[in-house]
Amino acid sequence: MLRDPHLMALVDLSLAEDLGPGDLTCESIFPDRREVAARFVAREPLVVCGLDMAAAVFGRLDPACRFSRKRREGDRVRAGSVLAAVRGPVQAVLGGERTALNFVRHLSGIATLTRRYAEALKGSACVLLDTRKTLPGYRRIEKAAVRAGGGHNHRMGLFDGVMIKDNHILAAGSISRAVRMARARIPPTVKIEVECSQIRQVRAALSAGADIIMLDNMPPARMRKAVEIVSGRALVEASGRLDLDTVRAAADCGVDFVSVGAITHGARAVDVAMDLVRS
Amino acid sequence: MLRDPHLMALVDLSLAEDLGPGDLTCESIFPDRREVAARFVAREPLVVCGLDMAAAVFGRLDPACRFSRKRREGDRVRAGSVLAAVRGPVQAVLGGERTALNFVRHLSGIATLTRRYAEALKGSACVLLDTRKTLPGYRRIEKAAVRAGGGHNHRMGLFDGVMIKDNHILAAGSISRAVRMARARIPPTVKIEVECSQIRQVRAALSAGADIIMLDNMPPARMRKAVEIVSGRALVEASGRLDLDTVRAAADCGVDFVSVGAITHGARAVDVAMDLVRS
Amino acid sequence: MLRDPHLMALVDLSLAEDLGPGDLTCESIFPDRREVAARFVAREPLVVCGLDMAAAVFGRLDPACRFSRKRREGDRVRAGSVLAAVRGPVQAVLGGERTALNFVRHLSGIATLTRRYAEALKGSACVLLDTRKTLPGYRRIEKAAVRAGGGHNHRMGLFDGVMIKDNHILAAGSISRAVRMARARIPPTVKIEVECSQIRQVRAALSAGADIIMLDNMPPARMRKAVEIVSGRALVEASGRLDLDTVRAAADCGVDFVSVGAITHGARAVDVAMDLVRS
Amino acid sequence: MLRDPHLMALVDLSLAEDLGPGDLTCESIFPDRREVAARFVAREPLVVCGLDMAAAVFGRLDPACRFSRKRREGDRVRAGSVLAAVRGPVQAVLGGERTALNFVRHLSGIATLTRRYAEALKGSACVLLDTRKTLPGYRRIEKAAVRAGGGHNHRMGLFDGVMIKDNHILAAGSISRAVRMARARIPPTVKIEVECSQIRQVRAALSAGADIIMLDNMPPARMRKAVEIVSGRALVEASGRLDLDTVRAAADCGVDFVSVGAITHGARAVDVAMDLVRS
Amino acid sequence: MLRDPHLMALVDLSLAEDLGPGDLTCESIFPDRREVAARFVAREPLVVCGLDMAAAVFGRLDPACRFSRKRREGDRVRAGSVLAAVRGPVQAVLGGERTALNFVRHLSGIATLTRRYAEALKGSACVLLDTRKTLPGYRRIEKAAVRAGGGHNHRMGLFDGVMIKDNHILAAGSISRAVRMARARIPPTVKIEVECSQIRQVRAALSAGADIIMLDNMPPARMRKAVEIVSGRALVEASGRLDLDTVRAAADCGVDFVSVGAITHGARAVDVAMDLVRS
Amino acid sequence: MLRDPHLMALVDLSLAEDLGPGDLTCESIFPDRREVAARFVAREPLVVCGLDMAAAVFGRLDPACRFSRKRREGDRVRAGSVLAAVRGPVQAVLGGERTALNFVRHLSGIATLTRRYAEALKGSACVLLDTRKTLPGYRRIEKAAVRAGGGHNHRMGLFDGVMIKDNHILAAGSISRAVRMARARIPPTVKIEVECSQIRQVRAALSAGADIIMLDNMPPARMRKAVEIVSGRALVEASGRLDLDTVRAAADCGVDFVSVGAITHGARAVDVAMDLVRS
């Protein structure tokens, strides 16, 4: 069950916007609370994600709903596969249908796309990471969808990692000054990453004591040189508009991580439907 | 300014997930609240949307931020165009950057795609509508993005229109019974729409007094026949997995509306960046 | 059970204002959580309403409370009738008594008055509607009380119907312009109503394509003329300070609806008490 | 300005229920934010109350609204008097009209009725008190309306006074035991009141050390006897379905207070309208 | 179970600040939801308090947790005593450990210190009271800890008692004027206390009709004289930086109450730990 | 100005608990909103902290209040020093006094104690850290008080650092397994710390790749040996009931950090008062 108050708030917002003061259709057509059953069915091949959100939607609408998962997060399924079943009062089952589907379709879309990137990296030691290019309010569940698809998570937000970008360097004066100031004030449990687009920045970050060097939009040759320079003294991440055609080449430059914004912001919803079960 | 409490709640959730207890990078690197300026720049051609959300992000982070729009919602712009500018304390400008961009990129993506559909219908009297296939919590802003792109909105949720679908008909017994029950209980200001996939359902809905007939996934010939049968006694809407290749043909069957889920759930984020202005 | 978050918020506000940091009397006098039972009893003839709110009050105070309805919403009962029973820890039963009673007395008062209006219309095809003259925060439950008393609901709020009043017409320039602008922007599921006090306005609204014509404060003769002019091309509603003496005459003018603000804002609380059951 | 978070929550609930996702009429008819002005006008003689709530409604809808009071809470005015003026964007002024009016009409109704009771007691030393028979969620503003009408407030809720009623006595065993237990546990700043319907209860409460004796539904002769017995050793309050015909007689029995539930739960809304000012 | 919404809000704030988007350690190390058991153990002699808050912490994290009290609030225990046990999913038990302990350690610290003061007053008729010098947000639970330690509560806040201090007197003009104004406007259930540091103020408060006289920072001789002057016509409270060395002497001056801020703001956390039970 | 929603929620809880439905004393004694001025004055030597919270208290009560800081967070001041001034309506200044003082006294107490520990470490390269032994809900402001006193912050909560303790090791099977599992799943920006009480655990943690080794309750000789073994391959932290007598010796063992729970949970409130300025 979903217990994260942030996610419950998102579910509540979602139900409020769709139901408002009530579902006119169900409330007028069904005078009693008859029980119905329905199934969530994949209409195309996909990687499953978002069933927790669907369960929360129905649980929040009516605690009398029973939602049962038929597949686990991260399962790869064929078209026609049943992902989950729900049984409950007709008002809740039909009233929650669209909101639940919208979550499952969106999150399974991210998991499905992530899986394709993960496969492109198969056999490589390089780890696939996501970014902060997620839909506002959806950070936690989109990052869970990345994990379901076989990716790993970069920092969750601005609070659990230091990432010094060109804007920060510009405003702070230099890489070494920025790293030194950060190190003196952040908790000892947090690492410092520096974004570099030039080799001289890589050297500066390294000597300032950065824990992670991020190579931003570098051509492969420059990336390989950067990896050589770092030579294990820091972790190295490749980033910058990587897609399915380019991600493997970046990984093969010897970096520890590739981070790909498109696995979240470039995914499309996959097709999942809810079918009422005739009893 | 954004005053809708639903949207402020979404902005607050979004900032909470990204900032948590604070932006480690900015807080450690910038000991003072120096003021900086930045610009939101399109990196590809797009239809502008979401600037209100961006303004709310910065305003919520720090009332000292001044956000100024350079373009209006719905404007078509070229790559390189400046959409907006923001000026304020460095912590707020850099701390809100990603959240603001994520909103603008997503919503402009919907507006941009909607515009392509709207153009496909140019010269037709048929009206382009959206659906309820929107991201949970984003209904209002995605529907605003549809308007920005030249589309029109279908009902906002379950509360401001009656849509009787196959599940409802199945559970209610018949179309005529479902329409009669709804009519007796809903406010007089709300219309009743019935989803039909067969011609005999169109006839049943019409004689039950439906205000709108929705033709679901019908082939063009059947749609034309349905329009002929209805013959102005109700409004007619075509729906069902329409895309840029098929939407015009559906419109040309004589329906009043085409509704297209893909303009919201099939849009990808467009590329917008925030550039710090060197002072 | 009550699951509408809007109503739960109203219940929470209500308990917070009465209990604050605690019920000094019960907490000091009853050191243990002994269980007691009590009954809600009508002290005068009335139409029952508000038991859901009473149940929510006790459920929110202590999930150990069991509230059982003895009558259904809309039942007409005599003085002395038992409406419901509650059993639970003495702190919750006595602590929730006044809040629960205040809801039941107010809402049953509205249902009881509405019933009198509904009876005045007996035999007429004209439908009795409420208005938006409800207590702020109480819209949904007062409208439910109207239904319990045999009335029907007009639009729920500003979001599910268009009502063009004199102020709107004044500001928009003309009825035809206002109707045209509204039609172009509202969802196709929503109807447009125009408030008219003169016959020429009725004609203008009709030719502008209004779905509902509201006759505001018209004398009966004028109303009859308006109905004749409309002649079935739109629905017609009579409104304007109607009371038990005048409502039937208005209905008999041939309008489809009469709307009466007094059924909500003019109702007085009926007398209901909670009696502890000696065990 | 209204700063009580409880009342802001009530205002927010009220706007949410009326506006939901938006005011279809104003949003579709008025494409720009033109400024309009309007006046709140009494349509019958009344005692003014609720202008703070009206101001909060407009302020919450749009900070650009300027609300100016023309009368003070508690002022007695004639039909036609202007109570307040508001100026702001047409969407906010027309969107907040009904909610603001509903507050002012209800609260002025209570103040107006209270004033009649206060006048019935003119010349008496007896103080007019309200009860906890207020609308759930409205306690603070209805008690403010009582003060505006010239009445005084009894305890605000269960937390700032001890009132031992028959149910408490029954469950505690005896008046003396209940008073003793309460005294040992409540803050020294709070008084203990005991509800008595019989003379022997008055004696028991007095010897137990009650601070206030409440005479519940006693006939005048018994009340006078009770006052004589108490003889200044405690305060005395008369209560129990008092109305405008009986309240003075009760006061004249020599009690310190009369408490009248009807001044809140028996008041009807008074007629106040909002007129747009033609500019 | 804890049902006070104020306290649930404090628990929610507490979990949000510690867990944020998740417990990285438990979530990464424990892939399943294995059940574990743990015990809360006193590491030094103490008076037990705060178990309700601990129970709420675990219940809020995961309803599958079962928390069982082994001791009651107010029990005096030796080092090594088991106060409570908790059993549940490892993520919840370890995730809630620190927050639960922090509550129990702080509140038991207050109960333990209060007990020492209560013992210093043993045999005296004088009652030990707390003050409003509590941690913001913790008022209710710190006052409960005072009761657990054998003390009594002064007023809960500014709303359930009138305390006229030097600032109020200064601003109001005189004691008699301040008391008169308060008496005319406060509910009859609430008493008036006046803070006095001089004998002439005691006389003024007494003749103005104060219910309670507070002797602020008076030397013992002056206190005794004040008690003599009051002579039972009001309650008398001694206050002002009393500590374990001075509190008894103050009580022995014949006052009804001594109030001691240090029992809340001067308490230190006692040592309690949570030990996992090896299964 | 305070903009963190977590802290605003704490301020709101705090005002709600003290003011409830209103400040009886001020509201009854002061019929108008006369302006007064007051000063916050140290009554003993202390290190200043908490003025932001005090400012938020008054700002939340009434935006008309003007709060001006006379000292900065972290300033060391003598008894008698003025820390801040506030000017505003008498109701807000006196109504917020106690809540504002309670924050300032508590937080300055932590800053003052931390300063003593920081001085004990003067001249050492070892960094003073806090712990998660903070009052629930107060984490962020107590950690800010530590910084004001010259200490540094350890991780903010469970989300921004991995700390593997004995319970985790027990449940996971071994240190190496726990570290491996954590490394595979946490963001690359977060470090892993392992708590060790034995030398063999230090070796295990080191070879498992821990970033930080925490020496828990080790005697100095063992600590020195541990530091020698680690020899710069990880950071080293000493912890475990350190006090002012023992903290320097621990630091001198060569560890990078000492963490001291007592700087937060062992601090007592310092004496600060608010004096009204006679105008």
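Order of writing sets the chain letters: A, B, C, D, E and F. Residues in each chain are counted from 1.
Note that in this section a contact is a pair of C-beta atoms (placed from the backbone, for glycine too) under 8 Å apart; a residue touches a chain by one contact, two chains touch by 3 or more.
Quick caveat, the model's predicted, so the values are computed rather than measured.
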Labels of chains that are neighbours to subunit A and to subunit E: B, C, D, F
Copies subunit C and subunit E - rotation angle from C-alpha fit, nearest 5 degrees: 120
Reference subunit E; chain at largest CA-centroid distance: B
Distance-maximising chain from subunit D - centres being C-alpha averages: A
Selected pair, out of A-E, B-D or E-F, that shares over half of its residue contact pairs with C-D: E-F
Higher-contact pair (C-beta pairs counted), C-F versus E-F: E-F
Cα-centroid distance, subunit A relative to subunit D, in whole angstrom: 53
Cα-centroid distance, subunit D relative to subunit E, in whole angstrom: 33
Rounded Å distance between subunit B and subunit F, as computed from the means of their C-alpha atoms: 45
In subunit F, residues with contacts to at least two other chains: 6, 16-17, 20-22, 139-140, 156-157, 159-163, 185, 190
Chain contact topology (line, ring, star, complete or other): complete
Subunit D-facing residues of subunit A, complex: 17, 20-21
For the subunit D and subunit B complex, residues of the former touching the latter: 12, 15-16, 20-22, 61-63
Sites on subunit E touched by subunit F in the complex: 6, 9-11, 13-14, 16-31, 34, 36, 53, 90, 94-95, 98-99, 102-103, 105-106, 132-140, 156-164, 167-168, 170-172, 178, 181-182, 184-186, 190, 265-266, 268-269, 276, 278
Footprint of subunit E on subunit A - complex, ascending: 1, 3-6, 139-140, 156-157, 159
Contact footprint of subunit E on subunit D as seen in their complex: 127, 129, 152-156, 159-163, 185, 187-191, 193, 211-212, 235, 237, 256-257
